[in-house]
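Below is one structure, written out as structure tokens, with a few remarks after it.
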Amino acid sequence: MLKPLGDRVIVEVVEQEEKTSSGIVLPDSAKEKPQEGKVIAVGSGRVTENGDKVALEVSEGDTVVYSKFAGTEVEKDGKEYLVLRENDILAVVQ
Amino acid sequence: MLKPLGDRVIVEVVEQEEKTSSGIVLPDSAKEKPQEGKVIAVGSGRVTENGDKVALEVSEGDTVVYSKFAGTEVEKDGKEYLVLRENDILAVVQ
Amino acid sequence: MLKPLGDRVIVEVVEQEEKTSSGIVLPDSAKEKPQEGKVIAVGSGRVTENGDKVALEVSEGDTVVYSKFAGTEVEKDGKEYLVLRENDILAVVQ
Amino acid sequence: MLKPLGDRVIVEVVEQEEKTSSGIVLPDSAKEKPQEGKVIAVGSGRVTENGDKVALEVSEGDTVVYSKFAGTEVEKDGKEYLVLRENDILAVVQ
Amino acid sequence: MLKPLGDRVIVEVVEQEEKTSSGIVLPDSAKEKPQEGKVIAVGSGRVTENGDKVALEVSEGDTVVYSKFAGTEVEKDGKEYLVLRENDILAVVQ
Amino acid sequence: MLKPLGDRVIVEVVEQEEKTSSGIVLPDSAKEKPQEGKVIAVGSGRVTENGDKVALEVSEGDTVVYSKFAGTEVEKDGKEYLVLRENDILAVVQ
Amino acid sequence: MLKPLGDRVIVEVVEQEEKTSSGIVLPDSAKEKPQEGKVIAVGSGRVTENGDKVALEVSEGDTVVYSKFAGTEVEKDGKEYLVLRENDILAVVQ
């Protein structure tokens, strides 16, 4: 398992097949919308200049929407994850 | 439903048909004015370096004017929304 | 009506006809001096990293001088306004 | 009269005729040294992230030396002034 | 031994032989994924603007994943190490 | 006399004739080392975001070493001075 | 002697002859690894936005490893030193 540091979050990408209105499946590079992912692990939060630790808003298990080009890909035990800063997460799906 | 994070706001764009004085309808790329939108959901606020959480000024249901090029488009349940930072919102329509 | 957010101010531009010394009226693009405007509405102020809200120095009704290229044009009820950050306002005319 | 905002200062430029050692008067664009000016009005000070207002060090009537390319020219009642941030003022002439 | 300063960490790189699916071993420049390393020594932490010292989240002995292009190579007693800022560490392997 | 503002210092440059090992005097543009100067006047200090004023470390009369390309030249009463921010001063000669 | 200001440190460079595996001595420009130096003098520390002074972690006499391209060369009494910010020091050799 990976435990992210600070205000980071580890996300399992939810692949979305995407078709144009005429039914053509778009290759990966043609998709530009934000992506969905499932939160696998969260960091312990960022430390402000005041010395306080601010806990993350998202929790393990949340489905989140994040900017497509954010984060760093990480591979662990043959699976691909994305390490994001919480600031790159736009919203939680409820 | 989408719950935005931090100082973010989810807005439903209010499309404005726009004509020149001679009555010609302008295509989308010719409009450069700020746009109006309706606030659908607001984040819980940003955390200052002091550790305080600052609530947003805008509320669900507000009609807001925002910079045309701000924000990230998000699609949920077939509808398009815009995720904005509160800082990209210029004013509330009263 | 528009209510600006944070440290923003809504200003009605005061158009100044400008002539060269030989009496020629300059077209808009040739004017580079700061402009005058009348404050129509003010935001509730910016929030410092300390969590304090700092009220604006300018008030509704003030005539202000601002950097010519600052701000964003907004149209409401057929009239044009300018949304400025207080920081773009150079001085108040007394 | 103009009342500058924040940490701004309004200065009346002190024009200095400048000659080369051979007596030739230099046109304006050839001068690169800092300039002198007389402080006409001062703002109420900047607000720190702590919420404190810090009064300016310069006062009305001071003669100051400032970076030549700093500030914004303002015209009021037919006279030219310069609006500077206090930070652009190098020193007070005593 | 090397004792890193501030929020820095010294890491011993864990080399990962990498093959493509067809079994070809990739040369070093073709690998772009984050890398794993073992923490050899940690600094005493960063000092916030508040004057507090914030201890590091990682400890000696931790296996960490870090951005491939982060850090500075250091050689000591014939061995190569990497000096990283804690902020360049993405996650701890547990 | 000139009284510098904030964290500024006024320095009288100490010209150093410089020769190459073969005895050739280098013209000014060929020197790239930091320069020495004598502190003529010091500002009252910078104000932190906390509202505190931090006094300068250097005092009138100190000989200081500063980055060659730092500061702004000022002329007063026919003499040339340099206005430096304290941050551009590397060390005090003791 | 030179007394560095703020968070600066004066270092005497420890020259390391460097050979390639075939025994060829590399000229200076071909070395890219961090360098070692001995701390000759330390500043009194940086002042945070809180007004606190933070003492340096390194002390006179320490051998330190620093980024090769950091710092400013200073010559005093015919010897060459390097003035570094503490932040450019990677680690202390113990």
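The letters A, B, C, D, E, F and G name the chains in turn, as written, and every chain counts its residues from 1.
Methods note: a residue touches a chain if its C-beta (ideal position, glycine included) is under 8 Å from a C-beta of that chain, and two chains touch if they have at least 3 such contacts.
Per UniProt, the chains are A, B, C, D, E, F, G = Co-chaperonin GroES.
The model shown is predicted, which means the values in this text are computed figures rather than measured ones.
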item	value
Subunit C against subunit B, contact positions shared by both copies (same if over half, else different)	different
Distance from the mean Cα position of subunit D to that of subunit C, given in whole angstrom	22
Whole-Å separation of chain centres (CA-atom averages), subunit A against subunit C	40
Rounded Å distance, subunit A centre to subunit F centre (Cα mean)	50
Where subunit F touches two or more other chains at once, by residue number	48-50
Chain-level touch network, classified as line, ring, star, complete or other	ring
Sequence of touching chains round the ring, subunit B onward through subunit C	B, C, D, F, G, E, A
Sites on subunit F touched by subunit D in the complex	1-6, 8, 10, 41, 44, 47-51, 72-76, 83
Subunit F partner contacts - residues on subunit D that touch it in the complex	33-34, 48-50, 52, 54, 57-58, 65, 67, 86-87, 89-94
